[in-house]
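As structure tokens, the structure follows; a few thoughts come after it.
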Amino acid sequence: MTQPSRGGEYDVAVIGGGLVGSALAWGLARSGQKVAMLDEGDIAVRPSRGNFALVWVQGKGLGMPEYAGWTKQSSDDWSGFADLLREQTGLDVAYRRPGGFMPMLSEEDLQARANTMMRLHNQPDMIRYPYEVMDRETLRKELPFIGPDVVGGTYCPLDGHCNSLRLLRTLHKGIGMLGVDYRPNHRVERIEHRDGGFRMSTAGGEIRAGKIVLAAGHDSARLSPMVGLSAPVRPQRGHVIVTEKTAPFLHHPTVYVRQTDEGGVMIGDSFEETGFDTTLQPGISSAIAERAIRFFPLLGKLNVVRSWAALRVLTPDGFPIYEESKTAPGAFVATCHSGVTLAANHALTLAPLIAAGGLGDRFAPFSARRFHVPQAA
Amino acid sequence: MSAQGSKFDFDIAVVGSGPAGLAAAALAASKGASVVLLDEQTEPGGQIYRAVTETPVRDRKVLGPDYWHGAELLGPLRDSGAVHWPGSTVWSVARPREDGPDGERRIQIGLSRNGAAAMLTVRHVILATGALERPFPIPGWTLPGVLGAGAAQVLLKTSGLVPSGATVMAGSGPLLWLLAWQYLQAGARIDAILDTTPKQNWRAALPLLPGFLRSPYLGKGMKLMLEVRRKLTVIGNVTALRAEGGLAGEGVLKSVVYTRNGTEHRLPADTLLLHQGVVPNLNLANATGCAQRWDEQQRCWRPTTDEWGATSVEGVSLAGDGAGIGGARAAEEAGRLAALDALHRLGRIGREQRDQSAAPFRAALDRALTGRAFLDTLYTPAEAFRVPADDTIVCRCEEITAGAVREAVRLGCSGPNQAKSFLRCGMGPCQGRLCGPTVTEVIAAERGVSPAEVGYYRLRPPVKPITLAELAALPKTDADIDAVFKH
Amino acid sequence: MFRRLPEIETAAEKVSFTIDGRPAKARAGDSVAAALLANGVTACRNTPVSGAARGPYCMMGVCFDCLVTIDGTGNRQGCQVRVAPGMAVETQNGKREVER
């Protein structure tokens, strides 16, 4: 059987239909690639359906200034990204950038937070951005509903949020309009690198593509070694609570509490190393609720209508992995736990590079090789 | 120290005080188990026997003898020693991460009572959550003045209220005829009954008629229906329905438009009572993680249970209509069977004793289920009323139309959970109770596959809203607090 | 529109409460939703999504269409709360306010 040397049915197959996969598929299709997006079915581990929807900058990247810069770039591009999506699909993903707060409940925590922000910005090669450490009175002018336990907090004007479920839907609508072949119920079982292309055995039959992008979240850990890549990610569980729709009252997102464009108040979150178990723990929801009420006592009267536990896709250092395979060129992996914040980058910066054929030196720090260096004693 | 004997620890919790719950709690407690019966309502009876202790409708012929049978379940409950906590909303049933300090397996029940949340621990839970009316999505079903027939019956039982002004009933199923009969007894006005039972259902059901005629209970329903048909205007073969409001469809119900033999007719209406059968109220079982299956005959999801009502989750069983529609009498017997099995699992009775004691209940259950297949077949709602046209709202909370669900399918949503995240259908306070069956069927029809393949919403606690303050006041372990604060 | 069966209307113990500030009467034991319907109030709120009018639909606590403000607390299920003497029931317009 004859095949084009670097060919197959698709230029690129994106494996994973969550926020990372669909943002990449959207960007790849806009770059003129013929794209297939392979996804699992209705019930799957889907962090994209459970996240907190912040487009967040402050505090990220201590230990990897390149990640801080990457995050800031996405935040700066997000507004244009949202406009492109709206022009294309008619859907508004409700991106707002009113600046975000991290309120603190003790002077000790506030001091630690201030130190973290300072250390972050003192890193070599750090692209600095404005932020403020606020005392209680300053904070209260911006967030009038804070409770008596709040001693102050940090503020960053770059922080914002969006409607992340609508983002997922909008990207899916957008890729459909761009001609991406979306294939749900196509869990990838095996990938073979052959004749300069890739063959994937899936639950829905074989798919061939010249390039592949692993954006499968947790499943990238399983798939990466098949093409000489590595994605040592683990699930970290986080509980989230959401209240009934409420008239707008909270005009800035905070790390723990934000009001959605639809009116519900989202309240997070927890950090649990419990594998793939997504069973809710009432005690953890309770602790989250109690903290939120300390921040904003008036939340206590609101009704909780839903809660869930989602699984963050975490690398050992918490930073993303972006890498092309050395042994199977054309195979890329993209994994992060900030699929909302980084969506603009994935769509507008990363996808065109993959379409063009390579990531370049800028992405060297994001290689998974950083996890393989022997520990210096 | 064992928590057993404390105010918040019991051998068995029964959730729901309809026929299944009342019978289960009474039997289990009478055999010496510590039992708590939890129910959201302030009085026992569930929906079928709603307000049976206090209904203002004292003329017994209005609500009929089947209703008053419910009162007979209350004596045994009182005598059994079961603790009855009415006004208690169960919002969560879960296995905790660790077993109790005594090594005993416990199940945690999240409960809201008098505005305060509490956690109970039990060794076994029997969910007797009953049924709710199958959604009846027609254009205009969200207008004020349109209610479920079951809702109207609750108004009659609890408050002696009947419709006034122009009243139309529409749909199919035993409850519709029972309510019409009760209204007749009470002297209430009904302008018309629009019967949506598909003509071809009679053909399909006919072979099952002999079984139905053997039923000691269901034959009475036939008599009711015949009396209603004799005394009221019943319009059959209705194939389309819509409710209309005032100007531009705003405001409250003004008229009902129906199609019969291809022709549209309009009736003025102040009240429209809709009904097309009932489906299991499975939110709590689903959120507890109980496996469920699609029942093609009843066209609904039902939790998977064995012959004792045991679910796929250890220590959790189901009894009554919540496990599949069988009616009040069947629910009662299923409650007793579940109670016997729970007693056996808790080591209070041996297998042999369980099986022996179960024999009469099982026989009674079989009797109660006689003829059910006929009813299920006859009253399977027409597809037009299960899979509505594009402009019809299916999710009342988020106001999502059938057309929007179909568009999500075209975007690649293969099931209700992805559709939910795309559209918010099922995300409102009712948590999919009023749209779940419809969304599954719309997706199935659009994809051309069985609802079994499409699946159902995956639900999470709280299955009923509780306030954030209630949630915040629950007990927490150090690990719980660390998971939130230590990061 | 709903009316009380005559024999019940005459025998009933009455409860006085208010609907949007107007005095109203119910039968002791009525749920708030039943009391609204008995007083001719068919629509009890406008939805937070489209603003469409809604009224009680299921009367058994599952549909959340009978949400009203009761004694200053928004989004209460009218069919799950019994009307009490002096209770202030208010119809709701759209989203609940956080402070009530």
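Just so it is clear, A, B and C label the chains in written order, and each chain counts residues from 1 on its own.
Definition applied: a residue touches a chain if its C-beta (ideal position, glycine included) is under 8 Å from a C-beta of that chain, and two chains touch if they have at least 3 such contacts.
Keep in mind it's a predicted model, so treat the numbers as computed, not measured.
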Overall pattern in which the protein chains touch one another (line/ring/star/complete/other): complete
A-C or B-C - the one linked by more C-beta pairs in contact: B-C
Subunit A and subunit B, separation of their C-alpha mean positions in angstrom: 39
Subunit B and subunit C: spacing of chain centres that average the CA atoms, whole Å: 23
CA centroid of subunit A to CA centroid of subunit C, Å: 44
Per-residue multi-chain contacts in subunit A, two or more chains: 244, 299, 301-303
Multi-partner residues of subunit C (each touching 2 or more other chains): 75
Residue numbers of subunit B (touch at least two other chains): 428-429
Residues of subunit C that touch subunit A when the two form their complex: 48, 73, 75, 94-100
Subunit A-facing residues of subunit B, complex: 92, 94-97, 108, 110, 119, 289, 408, 410-418, 421-424, 427-429, 431, 454-455, 458, 460-462, 465-469, 471-477, 479-481, 483-487
Residue numbers on subunit A that touch subunit C, as the complex places them: 145, 244-247, 249, 263, 298-299, 301-303
Of all residues in subunit B, those that touch subunit C in their complex: 40, 42, 47, 50, 54, 56-57, 59, 132-133, 142-148, 150-152, 154-155, 158-165, 186-188, 250-253, 270-271, 281, 396-399, 428-430, 433-434, 464
Footprint of subunit B on subunit C - complex, ascending: 1-5, 7-9, 11-12, 27, 29-31, 34, 37-38, 42-44, 47, 49-50, 52-65, 67, 75, 79-80, 82
